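The structures considered in this document are given below.
Below, subunit A partners subunit B and then partners subunit C, in two separate complexes.
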Partner chain A sequence: MLKNLRFYFKLYFKITSQYIKARMQYRVDFLISIIGIIFTNLIGIVFLWVLSLSIPSIGKWEIDHLLFLYGFSLLAVTPLQLFFDHIWILRYRLQEGDFIKYYLKPLNSLFYYVSEVFDLKGLGQLGFSIVIIIYSSIKIGFEWTFLSTIIFILLFFSASLIMISLMIIAASAGFWITNSYSILAFIFNFKDFSKYPLSIFDGMFKFFFTFVIPIGFVAFYPTTLLIFPEDIDLTIILSPFFGVGLFILAYSIWKKGMNNWSGTGT
Partner chain B sequence: MFKQYKKYLKITKNSILTVTTYRFHFFFSIISSILYFVIYFFLWRSIYDSSGSTIINGMTFPQVIVYISLAYSIFVLFKTWTEWGMSRNIVSGQIMMDLIKPYNYHHANLARSIGFVFFNFFCITIPIFILLFTVFNSTIIFGINLLYFAFSLCLAFLISFSIDYSIGLTSFYTESIWGISITKEVVIMALSGTLIPLSFFPDSIEFILKLLPFAAIYHIPISTLVTPTLGVLDYCIMFISQISWVIILLGFNKYFFKQAIKVVTINGG
Partner chain C sequence: MTIIELNNLTKYFKVLKRREGLIGTIKDLFKPKHEVVKAVDNISMKIDQGEIVGFVGPNGAGKSTTIKMLIGVLKPTSGDLAIYNYLPYKQRKDYVKNIGVVIGNRTMLWWDLAVIESFKLLKEIYQISDKDYEQNLEIYNQFFNLSALYSTPVRKLSLGQKMLCEIAAAFLHNPKLIFLDEPTIGLDVAVKEKVRKLIIDLNKIKKTTILLTTHDIGDIEELCKRIILIDNGKLIYDGDIKKFNLIFGAYRTLTLELGEIDDIPIESINEEISDTFKPIEPIILKKKEEIWLTLTINQDDTKLIDILNFLMKKFSVKDIKIEEVELERVIKEVYAGGLK
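Let's look at the complex of A and B:
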């Protein structure tokens, strides 16, 4: 098992370094993409900043708390951006039939598929979200003790698994309907819900975003646990289970989809 | 005179036919738009709740909702993927076909874009409008201003298209589009009042933003619908600023195209 893990790690580095070499041919594209992704993330900050000129807080969430939530939500979707960007073009692979190659190698198919793209522009997002988290945690007086750091990392892992799993499920729809782009874009938009406190929504939506599409676990519940520990309720304890459970579900749907896909005959 | 425009009509018709094949996509676009309203409805409601007053920066809650919903509807309406199409043709070499055909490259793209707008209008904007009217019918003014709105919207489309087109022309140099197009999109969203009504910005910034072409796409058409106090002079100022942006951008694009076409290299064919 451990040996297996090491093998896959090594393989990932090999594949990724080749990919980066290839991408480095398009330096201008890389630069513009990094600028693009930083701008996309900056817009949320502009929104919060303009808002803070008119109102001091939303409920008990002051502007710096909201900034921390925003940073956490960005950080939580960064692994999706970095490591899973290949799922966006699954539709082309399925349409053109070259997806067949992922059946033929003695590797885990999901691993092999996503390892082929390492999205460099995601690094811009990574840096950006870390800066926001550090800045806002200083502002709100969040203490980075050993315990809180461990909790932060654990929550971050399960949070990022949730968005990854949802996107894998959405992409897997492609095995049945070929072009899953609309569903992917639709699910991807849900990440916007995670940037604001779930407490602003009415009961029905709150339930929906906790249990049906568990977007609340991407940022709201983890952030609440970190900065308003007195508000903690039982839901947050579900967080790691949601992450891992959803991922198992997503993986089995992927597997099922692969068994279902009939190829293009080429 | 009109005969030479007939071919562009054909292009528009073609592009309508092309988009109708993506019905699935439009179904999800409508649901995504509804979700967008859900987020911003609850967000603004909680903002007004926690501020304790019913008016912030001179706007009530229903006014803000109508404003950003209209802005978003226009945003969706004008999403015609112009720069994506242009950059795709540059990368694949298809642009050669555009250049040797007996039509103007700019006009052909405009005609294609109009086809998209037609489709968007009936499949996305109308459903959103119906939703808006049934939920918040009170703050939109009906009258002669609808005529001004339609006129203003046409000018806004020309501005929006011109910006897309010039972004598309940059892809002649970069041969990639994602980064620059997404940057354009968020800059417009932030500075045009789509995300937050312009009156929420500090006065000095608001003044500058109103001079930019982005406000001419969103803020001006919306103002004709939601501001009851507009006089003749206000309309004149608004239309003059829109028309001058159209002229400036069209002129700029004409010059830019001449420059950009020089760097195009087409592999094989």
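Let's look at the complex of A and C:
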């Protein structure tokens, strides 16, 4: 098991370093996409700021708290961006039949599939989200103790796993239906809801974002645990398990999809 | 030693039977009607170590479905399947260590990476020893001068170059069995020759078993000692290529463009040819698409060049094509008992 893990880490590193080397040949492409992702998020923050001018606070949540939430949400979707970007074009690979190659190497198929693309612009997102988190944590007086850092990392892992799992599940729909894009976009767009406190939604939506599409675990619940620990409830404690559980579910759906797919004619 | 064994292998697909029109589409949505298609129907075969076997059939015959079951992508509906004692779809990860796969119009390499980087990754994935790896690169260099392509990214290779690299990559981990699916598809004649030579040489050097899917009769004639012919999911011939060649190798189709042929009396030319050349087997003469005249000639019987001369004297020939016999014709012959 451990040997296996080392093998995959080493292999991932080798594939990705080659991939980055090849990608770097298109430097302008790389720079534009990084600038693009930073601007998109700057606009998001300006929007938050404008919002705070007319609505200074949502319950306890003031602008700096919202910024922290925003940063956490952005950070939580970064691993998806960096390591799982290939999932977006799964439907093309399936439709055109290229997907057959992922059966033919002695590797874990999901690993082999996602290892082929490393999205460099995710690095811009990573840097940006870290800056926001550090800035806002200073503003709200969040203390980075040993314990709070550990909890932060744990919550971050679980939040990313939830986002990754949701996207794997959505993309896996492509194994059964021809065009899974609408499902993929539908799920992905929910991530935008994770940037706002769930307390602005009423009971039904809150239930939906907690148990149906568990986007609340991507940022709202983890952030609440970090900055308003007095509001803690059972759902938040469940958060790390939710990530792992959902990933196991996503992986088994992927596996099932692979068994179901029969390829194209040729 | 038998390494591949199929017994009554069968694959059914359940497909939606689409109804016509808007109302039909709506009906399909709510009450879909399914139809069972037998893609592969009771195929049995045995293949020994070191053989090059041609797996042949027209489009839609069930070749791909069979191959997909053999490489572990599809699960058979029924029947037994064992390759090196593996059950491919069940023991996928362990099984694929032992095989190599090349699919004509797809790449198994890393699209953006240089060829040699792809090879290095394969070395890592299959955990190929330094010795074996160096040895294989040496062979590729010595026989095929492949190193000239090493620094080129895969996506920049020409179709022919890519195919050579794909085949080299498939042999890299010294698999005992290689599947080649249409390796010469889309290639021109000179490159086809190169690819075939690579396959023959590697088979000789490494004693690898090769299962070759193709509908190019040329591939089969040059590469295989044995062919397996399937049509409509059923095995219709499995045997020596020599017998096969004896019957079909000598046939050529001669196509002539004669301009207007409406007023040319086919029957009388046919009689004239028969009288002049006295072939044992009658030469088939046909009009094709208004301006073409096609003749299927058995070269053991009659020299193609003589017939050509004969016709050139009679008509003003604008264009000439000489082709090997088509697979469809071969299959018709097999049904008619041509190989019995």
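The rule is short, and it goes like this: the second predicted complex is superposed on the first by the 266 of 266 C-alpha atoms of A that agree within 3 Å, B and C clash if a C-alpha of one lies under 4 Å from a C-alpha of the other, contacts with A are read in each partner's own complex, and residues count from 1 in each chain.
Throughout what follows, a residue touches a chain if its C-beta (ideal position, glycine included) is under 8 Å from a C-beta of that chain, and two chains touch if they have at least 3 such contacts.
This one's a predicted model, so the numbers in the text were calculated from it and none came from an experiment.
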| item | value |
| --- | --- |
| Partner chain in contact with A:Asp98 - subunit B first, subunit C second, else both or neither | second |
| Partner chain(s) touched by A:Asn179 [first = subunit B, second = subunit C, both, neither] | first |
| First (subunit B), second (subunit C), both or neither touched by A:Phe47 | first |
| Contacts of A:Arg6 with subunit B and subunit C, given as first, second, both or neither | neither |
| Residue contacts on subunit A - larger count, subunit B or subunit C | B |
| First, second, both or neither for A:Lys121, with subunit B first and subunit C second | first |
| Interface residues of subunit A shared between complexes with subunit B and subunit C | none |
| Residue ranges of subunit B touching subunit A (in the complex, touch as defined) | 24-25, 27-29, 31-32, 35-36, 38-39, 42-43, 45-47, 49-51, 56-57, 174-176, 178-183, 186-187, 189-190, 195-196, 200-202 |
| Parts of subunit A lying in touch with subunit C, wherever the complex brings them together | 10-11, 14-15, 18-19, 22-23, 97-98, 100-101, 103-108, 116, 259, 261-263, 265-266 |
| In the complex with subunit B, residue positions of subunit A that touch it | 26, 28-29, 31-37, 39-40, 42-43, 46-47, 50-51, 53-55, 57-59, 121, 177, 179, 181-183, 185-186, 189-190, 192-193, 196-197, 199-202, 205 |
| Residues of subunit C that touch subunit A when the two form their complex | 13, 60, 64, 68, 71-75, 89, 92-94, 96-97, 99, 101, 103-108, 110, 112-114, 117, 120-121, 124-126, 153, 181-182 |
